[in-house]
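Okay, so chain A shows up in both of these, paired with chain B first and chain C after.
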Partner chain A sequence: MGLLALLRKLKSSSEKELRILLLGLDNAGKTTLLKKLAEEDVSHITPTQGFNIKTVQSQGFRLNVWDIGGQRKIRPYWKNYFDNTDILLYVIDSTDRKRFEETGMELNELLEEEKLHGVPLVVFANKQDLATAAPASEIAEGLQLQAIRGRQWHIQACSALTAEGVKDGMQHIVSMMAKKK
Partner chain B sequence: MLTELWGSLWAHLFFLLRPMLKWVLNRVTGKCELLRITYQYSQGAERTQNIEDSLKQSKRSELNQLTIEDSPNISNAVLQVMAVKNIIPEVHPQFENSFRTCLLQICGYRELLTNVEQLRKTKYNSDNPEHEKTLMHLWKLLMPDDELQTRVSEQWKFIGFQGNDPQTDFRGMGLLGLHQLIHFASKHNAEARKILQKSHHPKLGYSYAIVGINMTDLVYDLLKKGHMKTHFYNKIYGKAAIEEFHEVYCHVFYEFDKFWYSENPKDIMEFGQIREKYRKKLVHSLKQPNTVLVSGLEKRND
Partner chain C sequence: MSWSFPREEIHTRIESDLFVFPNTTEYRASPSTGRQPSVIRKDRKREVDMKNIMVDGVKNETVGRIPQQINGQQFVIQNCENCNIYVFDHINTVTVDDCINCNIFLGPIKTSIFIRDCKQCRFVLACQQFRTRDCQKIDVFLCCGTQPIIEASSGMKFGCYQYYYPELEDQFKQAGLSVFNNTWSNIHDFSQDPTEAHFSLLPEDAKVEDYVPDPTSELFKNVHIDHMTSKSVVPLTHGTRRKISDQSCLIVFFHDDYSQSKVWQFIKNMGEEHPELILIQTKEVMMQPPDASRVFRTDTYASAVSQGPVIGLEYNGDNSVQCCQEVLSRTGPAQNTFISQSRDVSASQIENFYNFADMQMAV
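Right, the complex of A and B next:
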């Protein structure tokens, strides 16, 4: 085997690239989660106009994470980022009970998208560090995640701010990918 | 890799050779480094930054301390440095004043950063009547002809907040974000409202308030990383007040708006790239020693 081929093989086996789409309503904590994954400072986040993208190395995977702004005005652009998505991460502000219905509706629309057909879903029930946060089980029930068919899914309680639960969520992503292949 | 190695080698070499070089120059010119700098550069960023570097690299802790300490007594410090460095006022009459100005600028920048940081760390809190009053004032400044129907209202989206309650949009910029939006809308009302109006364009438009908060993040980052020194050392021969920083914000926002439209974006999703391009442009211009951030905005108001 030539050196170049050997190198290429080494690279492809050790570095599998994944495209991860990070969606959710505004103020859910998508950018904070993105920055936490990239081990960056999360103390001066601002609302996302447009999108952010970061590449993160995790357990032999190269994750290209796309964080798209969540404000209503921007949501029509979400569909431009669906192509070739390996995993959908959906972030929910667990303290924002007033908008549980809205976030559930957005999620359901996403699950019906042709281009996201069969794409594994991880719901991050974020902001668990706050006393008023609804527990992940309650959110799962409200979103009727049990009714999901034809894709792997997982709900993860977390706090992107303190990083609690973020690693566990990422572990699930990796094991989902292993199952899928 | 090689350039990195060369760079670090050079830095080490420079560190070793610097005292020697200084000694030689001191003998030849008969002047210490601080004095040489005040002769070599005229008042402004180049002089002050060289003084700052010299103080930082000094082996004397009392000089070093001047670049760390919170609000040192400047007059005492000037006299002390002159005594330590044997600078005779009769021989170098300009030094005392020049050096005092430099110290004021250096300490002023540090104090400015402290004040800005404090404001940024203060979270917007809707239970605080003072905060609420300021937010309402922002509405009145930008929308003088429209009454806000209720405190939580879809109307906020009209001035570019994301939802019906602006409080979650300040996030990591805290009160600093709100104060800067207010400063722009009150000191340059006509321009701010014109920019707001343009921002409603269906294709090229953006969300005024959250882009404004994003611009706060931009100027805050430039301040924190020290890039803003060029501007402040060239513009203010003393301590810069926080209003001066808010003025820089107005300039940066105003110029960003022009830059945005000149880039002819396809839609709002290009915001990230265009903002990064603009940031690089700003950093580049702040690396030029004579830069002062003055826009058409300020010239018109002078």
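Right, the complex of A and C next:
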């Protein structure tokens, strides 16, 4: 392989590397989703005190997924991870009606962040396997996702625990990136 | 077992319009049979299901569920005051919100329990994840597979889970919880305050039944609870309390058909023959041959660890190494076990084993 070809190959492979930020309130299921994306066992997950990072290969993309703890006390640190984010994944516990307003406020603050300007958003309406889960349509309405301007967005009903909807969500991430390029 | 209690009567106090579900739940509506049930019947069924998995707005009463009523579904407790609430079944996940002065027993929880805006409550529960926010004065007898976390909570007190009824052991299995993985005393506080401790440990002699009394109502008459320490499905551990001696002993049982019962026999014998020694911690964890070489500093156990998860015990007390060796040799053939050879090496073995186990438990 000539030097030029090698450089080209390096360039094209680095172009396919994506930085994905995984945020949401505590107990939303971020780490379970992260481990499911990486096809790992989800039965012994501990509450995240700092952050977790995993690299997932999908359809020629190398996804570096950053999962940051969601307790109220540590949400101010989320901003330290905003730089160079290609996609924002926001996880919601669809059964946690008590905190729908809180999660909506946190999401709105994220969408107003300069550093996340124009970054595509995928909302995961998680825990759909549970009986009290609100449907994704209701959550989309409550969060007023329709009012989002200036970025691609998608809401995905899923259960990170059973993996339902997780692949579909991945599909959307990849197709969003294809569109963005 | 057949349970014939008046289901409707118990739930009539629960408002049925708490959850309003649109009929268009495209995600969940996937009938496995070709026959589509009518929307009305579906909504009616959902309403009954909702009532079954909730206790909402109850005051000054004893309520709950008996084995096989929840069967791995979620459970929700909210807006209760001065109640005794018992769920004698395994559960997927639990939220407890806005409760005051309640005594609550919950069967093994497969994923997380989240307790919020509660005060002056007492719990007995087992779970994979324990989380609280905005709580005050909560006592918990806990079995937790991961490090319990609290946030914006104060006056939290923790003790080691102790409970028995005949169905409980199987419910732990259904929930995927190991009775040997219990980090009840190692709390992480997200709102640490150098001037004030938000949590402490319950007195060593605290009795579960003094905090959450056994139910006396008719509904629970077939749940046969026993508070004898030797019957508890979770072993009583000392946790992070100050140790009584600088000598500890590590005993590891490698997996075989009898390893669980050998562990229990050993704990029982230790309790009878050496009540002065204390069980600090237990752990059930998978090990690969290279892990075993690092932890035990020998390749001897490479094949033993490949059989399945190992169970490790730490006993503390003067002369604990010698006493454990003697009890172990009387408990049965020493094959498929590891025990510290001398007090000179036991400290580093315990550190190696539990550090390894903690690493395995992290993501």
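Annotations
Keep this in mind: the second predicted complex is superposed on the first by the 170 of 181 C-alpha atoms of A that agree within 3 Å, B and C clash if a C-alpha of one lies under 4 Å from a C-alpha of the other, contacts with A are read in each partner's own complex, and residues count from 1 in each chain.
What we mean here is this: contacts are C-beta pairs under 8 Å (C-beta built on N, C-alpha and C of every residue); 3 or more make two chains touch, one makes a residue touch a chain.
As the structure is a computational prediction, the values presented were derived from the model and not from experiment.
When both complexes are overlaid on chain A, chain B and chain C end up clashing with each other. Once the two complexes are overlaid on the shared chain, A:Gly50 sits against chain B while remaining clear of chain C. Shared-chain residue A:Pro135: touches chain C; no touch with chain B.
Of the two partner chains, chain B is the only one that A:Asn80 touches; chain C does not reach it. Applying the stated contact rule after C-alpha superposition, one finds that A:Asp26 touches each of chain B and chain C. Measured by the number of chain A residues touched, the leading partner among chain B and chain C is C. Of the two partner chains, chain C is the only one that A:Gly165 touches; chain B does not reach it. Of the two partner chains placed by the overlay, chain B and chain C both lie in contact with A:Gln71. Chain A residues in contact with chain B (one complex) as well as with chain C (other complex) are 26-27, 43-47, 49, 52, 71-74. Here chain B touches chain A in the complex through residues 120, 157, 162-163, 168-169, 171-173, 177, 206-207, 210-211, 213-214, 216-217, 220-221, 267-272, 275, going by the rule given at the top.
Those residues of chain A that touch chain B in the shared complex are 26-27, 42-47, 49-53, 70-74, 77, 80. Residues of chain C that touch chain A in their complex: 19, 21-22, 24-28, 46, 49-50, 53, 73-74, 76, 92-93, 95, 97, 111-112, 114, 116, 128-129, 131, 133, 145-147, 149, 151-152, 176, 188, 190-191, 361-363. Chain A makes touch with chain C in their complex at residues 26-27, 31, 34-35, 43-49, 52, 71-74, 95-96, 98, 127-128, 130-132, 135-138, 157, 161, 164-165.
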